[in-house]
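As written, the chains take the letters A, B, C, D, E and F, and residue 1 is the first residue of each chain.
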Amino acid sequence: MVETTVDDLEPELWPDVLRAVRAAGAWDCWTTATIGRHGRPGQVLTALCTEQIRPAVVDAVFRHSTTLGVRWTRWQRATLPRTAVQIPVGPPGNEHQITVKVAVGPGGHQTAKPELADAERIAQALGWPVRQVCEAARAAYARECQTAL
Amino acid sequence: MVETTVDDLEPELWPDVLRAVRAAGAWDCWTTATIGRHGRPGQVLTALCTEQIRPAVVDAVFRHSTTLGVRWTRWQRATLPRTAVQIPVGPPGNEHQITVKVAVGPGGHQTAKPELADAERIAQALGWPVRQVCEAARAAYARECQTAL
Amino acid sequence: MVETTVDDLEPELWPDVLRAVRAAGAWDCWTTATIGRHGRPGQVLTALCTEQIRPAVVDAVFRHSTTLGVRWTRWQRATLPRTAVQIPVGPPGNEHQITVKVAVGPGGHQTAKPELADAERIAQALGWPVRQVCEAARAAYARECQTAL
Amino acid sequence: MVETTVDDLEPELWPDVLRAVRAAGAWDCWTTATIGRHGRPGQVLTALCTEQIRPAVVDAVFRHSTTLGVRWTRWQRATLPRTAVQIPVGPPGNEHQITVKVAVGPGGHQTAKPELADAERIAQALGWPVRQVCEAARAAYARECQTAL
Amino acid sequence: MVETTVDDLEPELWPDVLRAVRAAGAWDCWTTATIGRHGRPGQVLTALCTEQIRPAVVDAVFRHSTTLGVRWTRWQRATLPRTAVQIPVGPPGNEHQITVKVAVGPGGHQTAKPELADAERIAQALGWPVRQVCEAARAAYARECQTAL
Amino acid sequence: MVETTVDDLEPELWPDVLRAVRAAGAWDCWTTATIGRHGRPGQVLTALCTEQIRPAVVDAVFRHSTTLGVRWTRWQRATLPRTAVQIPVGPPGNEHQITVKVAVGPGGHQTAKPELADAERIAQALGWPVRQVCEAARAAYARECQTAL
């Protein structure tokens, strides 16, 4: 986990920092709003990455933000195995395939989640809200794939 | 809309304020974290209620929080018509009825949402996570009620 | 209520904006963290003031922040009457007077609150945490002034 | 410390996750609002627990949230010794015993804090705001137990 | 100002809601994290638009989010007049024109701000961080256009 | 990194805690708003310091806040080398020297940042917004020191 705390970056530049950290190879990254000394609002940037990728992430943080210091520490990590299925969504005759990620958690309970990037692409193609695409994908998955809950 | 800004209430007392405001008749209420003068973190409490209920809400805010001033203004409001259906969830032989609220939005798209209080009660009865109850309710609703998306 | 939404001010400059808005005559002001379009973190600045003071507050916001637009609307307001008493705090022989604001709410319940600026000054004089000064003031008030709870 | 970052859980399900993590044996847990890639608001869930309890906490997080990955690392910890005293609160003839936790910090300064669960129960019994119960408990403690500040 | 409070939308869908509200004609829109009843984290969506555009914004909110109720009220608004100048940024031989918005506030102080969309486009073309493009634009503006500060 | 999670400190006392932690020798410290069990809003306090300073920081946290437990862990850290230059700002005949910190990041890109404490002092002397002092310092630095971007 790589972190930095910044109170002197114009907020509108944070999306560029997150894009750069992701492009450097981090699995995930995000910012959290904070209140610093003298009441200065700030952001903590957090990125998750492997030890190999870490220098590239640190470099991206220095290049894209105004920070003068970056810190990191090691965490252990457990993940659920996941598979993916293709499910059609859309009105008859205009169906698009969406990827649904399926993970099986402890206790055997399934989590099915439409891939958001797919949903955004299909939403644009159909002129639907993204939410409607996701709901349709979940409903289709429920009808076709889930045998019992 | 009734609001007050408070920076001297011990944070753990906010749930009591929200309960009291709701009990006074507000439709909904919530708090938002802020940064005030001298860097003091605070909370803005917001409550939505009718003009008739407003004095009771103001009274509850004064009684349950430390504020010395409450403000309000009028907003107009549009709501979607909604209906409710009963859907069974749970393993065969141990099914519980959950209320699913269904609203039809502009463009004809349906929003189906399990009632959270029901889901929490059923989760406790079944020993399931609340999330699993909600997913099962949505999947059952998708199988039984939705004809086309 | 005067508001503006800003995503291009370096966060460390917000304390200056709040000081300026207060100096312009606002009763109170604060910022709230937001997420804008394209995922840009921002702040909404809110200030409460009379209609007479409003132009000065708007002017201060334009001068001290980067905003290009400020908005305002009218709210009504109810306040509790309050009085103030002087209470001594500190070790014997080194006592300082602190102002305790006392308000009587609906239902007759009293709220007693040490004046924070006093507490900060006394804390510095005694080498105490501000929290300890406030607790001592509340305890002294409880012993001397409250007849029954 | 166990953490996960989640941007695809319906927010209203977080209270169930916190209850489950606590029930699994964590000392404490909370969520923090974040802004992720593409401007997606999310929550980081953090839980504190012993190494022995950690697998149960991780399991609860997987079962009750939608996360596909959980991480953890070790922290050291210092706590203040604390004792508890019983203090009566309420009007004469209708008094209830409330637990006040007392800790002595570095420098000898006492922190006295009414137990919130007690305060909520007594507030309901007396028809008082929770805040009033806590203030009465602190005032009673100040009168009866604190000899000098 | 159009608002709605939502605690049952998967957070990752908020960017789609903001895009849709903007596409419906709102000047600006953003979300603010809140804590609702029973400790449910939520978001308030706020949009600024003219009275003419308001029905389209309300419609977009209903279509793209899960809300069942939307509210609005009127605010007045003051804006600073602004002009735009074109400034070259980039290394010699590879310069790109960036729009710098210039507003003159009360007291005559200028605010010069590079257009972020331009900066993002140029950053991609040059392989620079967006921050570097903005700084170069400000520095170039300072050298070429500001006569005295 | 030293942290504690607190939900029973009156929010207006946080600035005193941050001052005390900084006075104890921490490089930096800040708070982050959280939502705890039962929907209680809280704050996580985070402080960065060396291993030598850590006991003093922990002691300050215990003395100035209400917490009963503090935790810490070790992070590694990289910083950019920085230098400082003095730049004059202000109208002719009333110029003040401001320190501009200059750091050179990976890739050779410079970050120039006026020292905020200087800017606040000069702003007060000139009757300028702090923002204007910072902009003037950056513009002067761009004119005088930057040879090419």
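Everything that follows uses one rule, which is that a contact is a pair of C-beta atoms (placed from the backbone, for glycine too) under 8 Å apart; a residue touches a chain by one contact, two chains touch by 3 or more.
None of these values were measured; they are calculated from a predicted model.
Shared contact partners of chain E and chain F, listed by label: A, B, C, D.
For the pair chain B and chain F, the fraction of shared interface numbers is greater than half, so the two copies use mostly the same residues to meet.
As a whole-number value, the distance joining the C-alpha centres of chain B and chain E reads 29 Å. Chain A and chain C have Cα centroids separated by 38 Å.
In chain C, the residues that reach two or more other chains under the touch definition are 8-10, 12, 14-15, 18, 31-33, 35-42, 63, 66, 73, 109, 116, 129, 132.
A complete topology is adopted by the chain contact network, contact being made between every pair of chains. Residues 35-41, 89, 91, 109, 129, 132, 135-136, 138-140, 142-143, 146, 148-149 of chain F are the ones that touch chain E when the two sit in their complex.
For chain A in complex with chain D, the touching residues are 1, 14-15, 18-19, 22, 28-33, 46, 48, 73-80, 82, 101, 103, 105-107, 109, 111, 113, 116.
For chain B in complex with chain F, the touching residues are 7-12, 14-15, 18, 31, 33, 36, 38-43. Chain contact summary for the complex, chain E toward chain B: residues 3, 5, 8, 32-37, 39, 42, 44, 58-59, 62-63, 66, 68-73.
For chain D in complex with chain B, the touching residues are 9-10, 12-13, 16, 20, 63-66, 116, 120, 123, 129-132, 134.
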